[in-house]
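Note that the chains take the letters A, B and C in the order they are written out, and that residue 1 is the start of every chain.
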Amino acid sequence: MTAISDRDQLSYIAAQAADARVNVELETEGMTLNIGPQHPATHGTLRIVAKLDGEQVIAADPVMGYMHRGYEKLTEVRTYPQVTTLINRIDWVGSFANEVPFILAAEKLMEVEAPPRAQWIRTILFEMSRIANISLFLGDMGLQVGAVTPAFFAFRDREHVLNQIEAVTGGRFHPNFDRIGGLKDDLPAGWITETKRAMKKIRSFCDEIEGLLQGNEIFEARTRGIGVIPADIGLGYGLSGANIRASGVDWDTRRDNPCGLVHDELDWKVWTHVDGDSFARFWVRLQEVRESTKMVDQLLDGLPGGPVMAKVPRIIKVPAGEAYVETENPLGVMGYYIVSKGDLVPYRVKIRSASFNNISITPWLLKGVYVPDIVTILGSLYFILGDIDR
Amino acid sequence: MIAAITDPWWFQTTLRVVGGLAAVLLVAGTLVYLHLFKMVSFMQSRLGPMEAGPFGSLQLLAEVGKFIQKEDIFPRKADRFVFAAAPFVVLMSTFLLVVVVPGGPDAWFVDSEIGIYLGMAVSSVSVIGILMAGWGSASKYSLLGGLRATGQLIAYELPLILAVLGVVIQAETMNMQGIVLAQAEGEIFGWGAIGNPYILTQGVAFLIFLIAMQAELTQTPFDMPIAESELVTGYMTEYSGMRFLLFFIGEFATAGVFSAIAAVLFLGGWYIPGIDPANNIMNVLGPIVLITKVVVLTFIVFWVRFTFPRFREDQLQKLAWKVLIPIALANIVVTGVLKVAF
Amino acid sequence: MSRLSSTDTPEETTDAAEAALDGPRNELLARLASQLGDGLVESHLVPGDDLWIRVTRESWAEAAGYLNTGLGFQYFNFLSAIDWMPSPFGRDMDSQVDITLGHDESSEIDASLEHGVAGGETRFQVFARVNDIVNGLGVTVKVDIPDDDLSLVSWTSVYAGANWHERECWEMYGISFDGHPGLRNIYLPSGFEGNPLRKDYPLLARRLKPWPGIVDVEQMPGGDEEESGDDS
């Protein structure tokens, strides 16, 4: 884990400046390139209007909304369980994690606490959705820089985790499993041993990716020093998750503000990196997946018995009030601000999605980078369109 | 070829044309099936095409059929002649290149005294074809890809040629047949059992040739011009149907032909230790031996292609100019000195 | 474990007891009150949990500056708005549940504004949340926007991340932000008319076809039991 040398950093900046100077001297005209909305690199329909000068970006402006589904308006006409179905689809890769903050906020307003077993299973599924999501990132990062093979390994090994999620919840991508007061169902028989086996496979997958991508000199040359985000800029833009931890900020909502999940009863570590470049973000996420597998193992060992659902009325009316809960979702910090007027449906739900803030830094970040680096940087920031566009 | 020079000219020409087509297309097809369909699939823990024919062996036929029956699309602002001619220019350079490769003691298309020099010269023609494709597509993505390709291909021709120069110095001839025979009849410190394949003495040049070949073929890690995750397919983006098939075949055929040249230069070509080079059986066995060596070399090329990420353009250029060319020059100096000394 | 809010409502406990419960937040509130003075209109503190404050429009920018530089709240979380007017369309739900609870289309809709925590006087309120990473605190800042002048000072000079959030607020509610570098639509096409998240902007899907709610599921071919669908 070496920091990029100052000399390399300076030489990259000097090269960019030299290019810019040449472009000015030659009085070249800029070219406007539309990256997206249909494009292999952007994970979904994100459009970036980039003004290029040669191979350098002068200005980049993301245009979003191709997938805007109006979730915040839709939540105003749905009952709380119906909203749960809806919000599964915000970050569709990190399935279960979307529901958790919403349910926790509703439970806070209702002053209901889920039984311990439900909380532990929630945490297990939460961490498993993180593993599923970030494994996709690990394979996909290789694809962004040109290595086609790690993506296949990622999909192959994610299947084990998705199978386990499906065995419990019935859905691979949209579990719709969390309920106010607990969970819909209990675990099936034999699930715990199967999941431990799946965790072992994920660990070997992480080792494979480490050897294949992280140790590759070409990968390092493509990602080290690219897209450096200083910590204070990151905080000002509201970056979260591995993006901010890769810039050296030691902040993890699971440790600092656990709310309804049982992370404070586990023995785990928050990973940070000092560089703040694309390599650091990749590295931090790789370590986080490994850490998550260890957490799931601990959770499976210590799973308490008991019911999975607290006593809640059949028709749920959440008392009036406002509550905000945020959790450390795979993509970053996701929060739901629920305004309730004591009705069956929420009055207003503000969805704080991680990728919206993460991508808001791109106009600042992409100034002066080369075109191939746009893809590397976007890949390392890792967004899911549903999370940006809601 | 085997038939004497007394045959009428049209018979010889037909023979050469058919032989040339076969050498290029059959080899390309075999490489596509073996490496692109099967090898990469196994690397990625999947099976690859299995439906068309036993173990998917007729998949390429199905693909050809699919491509042929597609609509011929021209982008509206495209320069029609340039757009249409580009694949042919690229393919033409491949065909021109294959004529210098000897398949056996008498099985050659052209036995020129400047064999390898001619080969290197005509292989540069493909750069024009790629630039035509990038420009004629009237699309910014294609233009970017075409310009990147031009820079890259021109940069990497130098290490290619400089690596070859070491072999030429050692073989004392530019004639391809002569190079094969020099390796066949050479000796390693007096032991002549396997001849003297130049991979042993020109190992550095071999590596440089492989790297430069990878770049000339615009394969990962040097596939910035194609860069699938950024430019969709770079200069080939606007091509569909038969024209795309021509590019596709050209890519694999060029890989095969370059590997054949590498086999001739460094691995002994059609020579196989144990059989006298002048033996007439080598006219039949020679091509088979050569194709085997080609398959081995292309295996390396595609193995690297599907494993590594790609270089950025400036890193690519830095590698060519600051690393490969100095090493190649040093190799030439050392070869020259040792040639004179021993 | 999750924090249960105390059974006593916060307004009833004494200040001393509150201070004993949540020192950092009380101190934060005190410092904000002393800095903003009259600018701080109302506050709501849930001990051990969260803090809401409501400021005047004039002190919106000052609050941001003080939070960022003076109190160390450098992390920008989000910024959005709430429309407190009850929807004139009701809940657009025809379900039996709604009818049994007396909430059908024919019942009158109370158009009076009822505000949430930290009070409010106007229909629109902009609220933003910033965090202090080091101490693990967060504060939600609310401000009232008068109906005749839907504008507010932009936070982009203090928090760079507010840029996109304010653009979204602008297109969804029609609240403009002075000093914003480029206020334009972020999700919707540029020619879009209307502000979708306002309560009087109808949700067209529901206008077209109200939600059926509890329905009787059709019998399976050859099936015997008739199940009633569940909408919970």
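By our rule, a residue touches a chain if its C-beta (ideal position, glycine included) is under 8 Å from a C-beta of that chain, and two chains touch if they have at least 3 such contacts.
Because the structure is predicted, anything quoted here is derived from the model rather than measured.
*Asks:* Thinking of each chain as a vertex joined to the chains it touches, would you call that graph a line, ring, star, complete, or other?
*Replies:* Topology of touching chains reads as a line.
*Asks:* If you tally contacting C-beta pairs, which pair wins, A-B or A-C?
*Replies:* Counting C-beta pairs in contact for A-B and A-C gives the edge to A-C.
*Asks:* I'd like the most central chain, judged by C-alpha centroids against the all-protein C-alpha centroid.
*Replies:* Chain nearest the overall C-alpha centroid, as shown: A.
*Asks:* Measure off the straight-line distance from the CA centroid of subunit B to the CA centroid of subunit C, and report it in whole Å.
*Replies:* Subunit B and subunit C have C-alpha centres separated by 64 Å.
*Asks:* Once you find the CA centre of subunit A and the CA centre of subunit B, what distance in Å lies between them?
*Replies:* That gives a centre separation of 44 Å.
*Asks:* Could you tell me the distance, in whole angstrom, between the mean C-alpha positions of subunit A and subunit C?
*Replies:* About 24 Å, centre to centre.
*Asks:* Specify, in ascending order, the residues of subunit B that touch 2 or more different other chains.
*Replies:* none
*Asks:* Please name which positions on subunit C make contact with subunit A in the complex.
*Replies:* 1-5, 49-50, 52, 74-78, 80, 82-83, 87, 91-93, 97-98, 101, 114, 116-117, 127, 129, 133, 136, 138, 140, 159-161, 163-164, 172, 185-189, 196-197, 203, 206, 211, 231-232
*Asks:* Inside the complex, what are the residues of subunit A that reach subunit B?
*Replies:* 15, 31, 33, 39-41, 55, 142-149, 152-153, 156, 212-213, 216, 218-219, 221-222, 370-375
*Asks:* Along subunit B, where are the residues that touch subunit A in the complex?
*Replies:* Listed in rising order, the residues are 40, 43-46, 140-141, 144, 220-221, 223-224, 227-230, 232, 306-315.
*Asks:* Please output the residues of subunit A touching subunit C within their complex, sorted ascending.
*Replies:* It is residues 64-65, 68, 70, 72-74, 76-77, 79, 81-82, 104, 107-108, 111, 113-114, 119, 232-233, 235-238, 249, 251, 256-257, 259-260, 262, 314-316, 320-324, 326, 333, 335, 337, 339, 341, 343-345, 348, 350, 352, 356-357, 360-361, 364, 389 of subunit A that touch subunit C.
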